[in-house]
Amino acid sequence: VLVALSFNDSRYAVVWQGFTTEWYAALLQGQTVARVDPNAAWSALSHSIEIAVVAVFLSTIFGTMLAFALDRYEFPGKRLFTGVVFMPIIIPSIVMGISLLLFFNIVGMTLGISTAVIGHVAFGISFVAVVVSSRLRSFDRTLEEAAKDLGANELETFRYVTLPVIKPGVMAGALLAFAMSFDDFVVTFFIIGNDNTLPIYFFGMVRQGISPGVNVVATLIIVSTMVLVLLAQ
Amino acid sequence: VLVALSFNDSRYAVVWQGFTTEWYAALLQGQTVARVDPNAAWSALSHSIEIAVVAVFLSTIFGTMLAFALDRYEFPGKRLFTGVVFMPIIIPSIVMGISLLLFFNIVGMTLGISTAVIGHVAFGISFVAVVVSSRLRSFDRTLEEAAKDLGANELETFRYVTLPVIKPGVMAGALLAFAMSFDDFVVTFFIIGNDNTLPIYFFGMVRQGISPGVNVVATLIIVSTMVLVLLAQ
Amino acid sequence: MTEYDIRLEGVTKRFDDVTAVEDVDLTVESGTFLTLLGPSGCGKTTLLRCIDGFETPTEGEVYIKDDLVTRTPPFERDTSMVFQSYALFPHMTVGENVAFGLQMKGIPGEESDDRGGMGGSLKRLIRRENSSVVDERVADMLELVELPDTQDRAIDELSGGQQQRIALARALVTEPTVLLLDEPLGALDLKLRKNMQVELKNLQEDLGITFVYVTHDQEEALTMSDEIAVMNDGEIEQLGTATEIYEEPATEFVAEFIGETNLIRGRYRETDDGAVVEREGREYVVPKTAEARGDVAFAVRPEKVRLGAEADGLDNRFEATIVDEIYKGNLGKFVVELDDGQELTVDMQIRDQGDYHQVGEAVPVGWSALNSVVLTE
Amino acid sequence: MTEYDIRLEGVTKRFDDVTAVEDVDLTVESGTFLTLLGPSGCGKTTLLRCIDGFETPTEGEVYIKDDLVTRTPPFERDTSMVFQSYALFPHMTVGENVAFGLQMKGIPGEESDDRGGMGGSLKRLIRRENSSVVDERVADMLELVELPDTQDRAIDELSGGQQQRIALARALVTEPTVLLLDEPLGALDLKLRKNMQVELKNLQEDLGITFVYVTHDQEEALTMSDEIAVMNDGEIEQLGTATEIYEEPATEFVAEFIGETNLIRGRYRETDDGAVVEREGREYVVPKTAEARGDVAFAVRPEKVRLGAEADGLDNRFEATIVDEIYKGNLGKFVVELDDGQELTVDMQIRDQGDYHQVGEAVPVGWSALNSVVLTE
């Protein structure tokens, strides 16, 4: 309920100042409006997308493999391993960020986009694995038997039966990982070094005060989130 | 996998510097060690807990009521309303933080613990509602009929049958809300004003560089998270 | 004064545009085992829920004993329900489940003073009271359903059949006037089901309580009931004992729904010494029926048709050929074709080893007119 | 050369410490409808899975036609399975489901060149090829199961019975040597089930393919099978036709599992003109049995026992009293107590209206010795 208000609100603030489309137009034309530098914003956005796409791609592949490993095989220490896999979901993100930062320091990697991708993959894998796992638990193994019975070998069975059936789970996992990656501020903040992603850029901008430009960007983010969610459904 | 490393790592960093329990001892004795001021840390922790407890209490009650309303009643615009309820889960937290900040500004509330509680309730309700809703969907309504058949009126039925049966769902929702509240940095940052919660305090501390004190606190957080998770299971 | 436990007067229940129950009148005498029998969607469960109070009839009235209860909520009615899913409370022990009714409705025969009014109500909301009387009744009840000393067991430790008994105990503990059972054996396997049928029937006879039993299983209905109400499309098609329903079905629906039957259609015509149904030039002797005229159907059960030498001398006897057979161990199911193409199903109990017919064999078939029924509707 | 389709030699399957199938020898002739019948957990499904290749026997060998296939993976065996859950691919249309086997195994009778080797394999991994031949076969198959023109329907649009037919079509399209069916009718309701039993049997006779059918339903087994293998505890207790299994059970387990039976235990003793079983001073005449000696049991089916005047003149005839009765419409099930306390169940088909006995009635009971079986194990 409050949210609806706050949502309306952020639009409202724009209108309230007496302007409507001017800020938008100005921003899109590449002008720096009220401390919002469109070029910096675009570069932050492109970093965000870049990181999210690469991280989601990797997380989805490894997360799905992980989910299969956990579902299909028994091995000693499986319980503990499962715990470790799910830890990034449970650990406070600040701790996660610092841990990763320390790790990169020790390993000696230069902070930047690539470390951010690694960090995002680290927690993305967990989310994908959780979602795909729950999907796999409800997966009817006799479908695979039926496929083999009809002459499909292991690979063909996976290609034509297993993968298509669990696809919704994989997609949901990927979407979740994307949302998490795109939205993440805390972890990224520690490990991205001098580059900016959208949340970090935005955070920095807001710290200097709320301006109409901020509202415009916030509105754009909300709208694009909504569009993404609708597309996903 | 990376996580296990990073987890080990954060402990390792402590050892690596050549000390083991000294920092802990020092901190617990209330000394300011390597820029970590235990008093500030304790006050941040107590703020965190205070906010989380109040927010979780309110979110659980309202979230459960909301879940019931969505499950049991049909009303015009229900779909839209459901969308609004779930929005705080979907919206990027930065946008949520700014929206709330604007809202409080317009309403004229002074930022502080109470606004933070309101903010946390705003998203806590959503999480509780989602979890309780899914529990309610699998709830067998004939249990309520059986209770009524045996002479229990509406209130007694709720008290003795409905509530005990969905309790695991409510507890899970509350736990999730607690974890979210305790972990949240971004939303809180915007709306808490001059007070500190643990993540914010920690963030500020880390920005000044990683010290053994930071590691100690991080380790403590991880350990306490683990304990909480184990307790919850 | 009256001896009935339930009386329904013109009960109709509509959901939006669908009429689930249409203008049902029904009186159930005290101590009767009544079965509502019909295919799914015939309105039998809806009718049961009208009696228990979960549904309020759109029209008509419901009486229990002499009280009008049409609009009384379920928790104030003197009825108990055994649900198809049992609906046992999963968070309570067996004992707590059984005790629940006593704690909510009070102990029958012991009206405690503080139950009525806000005080009792509020007190009940804070804590379910337990007493030695409750414990004793619960123990008695568990004894009755042959699961003594299971008070402290959890519900999910019990097998399906045991859960069924607990559901029964929970419903009976408040000593209701009427026990309503909604396909209570539906979830059990065949063997257990047959045992429980017998036990339920015995329990009902021992307690003398009125049972209203809903099922779609005609065999179950025939086995257990004092009276059967066959329902179709929201209406009661026939009400009678098992033998009446089986041997003298009132309508084609009843004849076909209960057991198997051969239906032959033709023109009814009375003769000097009885009546016949004429079909394609052939006359079948049937019992004389007052209401029958014109085009009718008559029914003859597969087990009432004789094959071979046994058919000799019966008033319906025809030459026929076996066209299909199914061996069932205890009986052979034959499809025979009369010389005019009419097909009949015959069930022959295999009373001696090797007593059987093969497809293609020519055998006379026959049945006595007294074993057929003319259906007037 | 050989005429068998399946040969099992000493097949044993152990899971950890549990032996599911123990030393089974079985030969199935071409074109036979064989049923594996037994209670759940008797190893019948495990045995089926050994034939299809989902399980590899711990010991023993499996032959299909003349090929040793014990270690051949399922996708290279010439068998098809119809699963209890149907296991239709939910993301494919009906047509795609049926075509899947053709696309993977190739079209029977048309060996295409590029199928073997890495090339064909890889090609198949990229795209399922479709051709007019495939389409035609799919259409023929859907015709066969009486669901023509459903190619483009989604699986979840179909009813349970229709899904069953599609599962059948999918399994048959590759023209397997053997069709394996794992309780395929278990999920259907009674009426549909009976229809499908008849259809399956007819289909098998038309196609002439060997069917191996797994069920726990003895009625289903009796109705459909050419041969029945009754399994218990991982072993085959008896293999024979329906009549053999029902009328001449080899063991007590078979006698009790198939149909109902009265078992009487006593001492077997041969007499001048036959044999008797002696129990508590009373002699029951039984057929002379070569292997019988000492303490034995003999079985007599409830429908083979006569009540009243019909019992006169039979070689076993005793005074008795009706102690319980269940009315089933087409038959009456009576429990009678002989004067020495022995209880018997009697099924009497009600062949004339009103032909019935009441509890407490004294009636003679009797049966012919030829209708009883001495069980030696």
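Which chain is which? They are A, B, C and D, in the order written, and residues in each are numbered from 1.
Heads up, the rule we're going with is that a contact is a pair of C-beta atoms (placed from the backbone, for glycine too) under 8 Å apart; a residue touches a chain by one contact, two chains touch by 3 or more.
Model, not experiment: these values are computed from the prediction.
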By count of C-beta pairs in contact, the leading pair of chains: A-B
Greatest Cα-centre separation from chain D belongs to chain B
For chain A versus chain C, what separation do you get between their C-alpha means, in angstrom? 59
Go ahead and note the Å separation of the Cα centroids belonging to chain C and chain D. 31
How many Å are there between the centre of chain B and the centre of chain C, using C-alpha atoms for each centre? 55
Enumerate the residues of chain C that touch no fewer than two other chains. none
Would you identify the shape of the chain contact graph, picking one of line, ring, star, complete or other? ring
If you go through all the chains, which pairs of them touch? A-B, A-D, B-C, C-D
Write out the stretch or stretches of chain A touching chain B in their complex. 1-7, 9-10, 13, 84, 87-88, 90-96, 98-103, 106, 118, 122, 126, 179, 182-183, 185-186, 190, 199, 202-203, 206, 210, 214-215, 218, 221-222, 225, 229
Would you mind writing out the residues of chain A in touch with chain D in their complex? 140, 142-143, 145-153, 155-156, 159-161, 164-165, 167
In the complex, chain C touches chain B at residues 52, 54, 73-76, 79-81, 83, 85, 87-91, 100-101, 104-106, 121, 124-125, 128, 170-171, 174
Seen from chain C, its contact residues with chain D in the complex are 198, 218-219, 222-223, 242-243, 246-247, 258-260, 301-304, 306, 326-331, 347, 349-354, 356, 368, 370-371
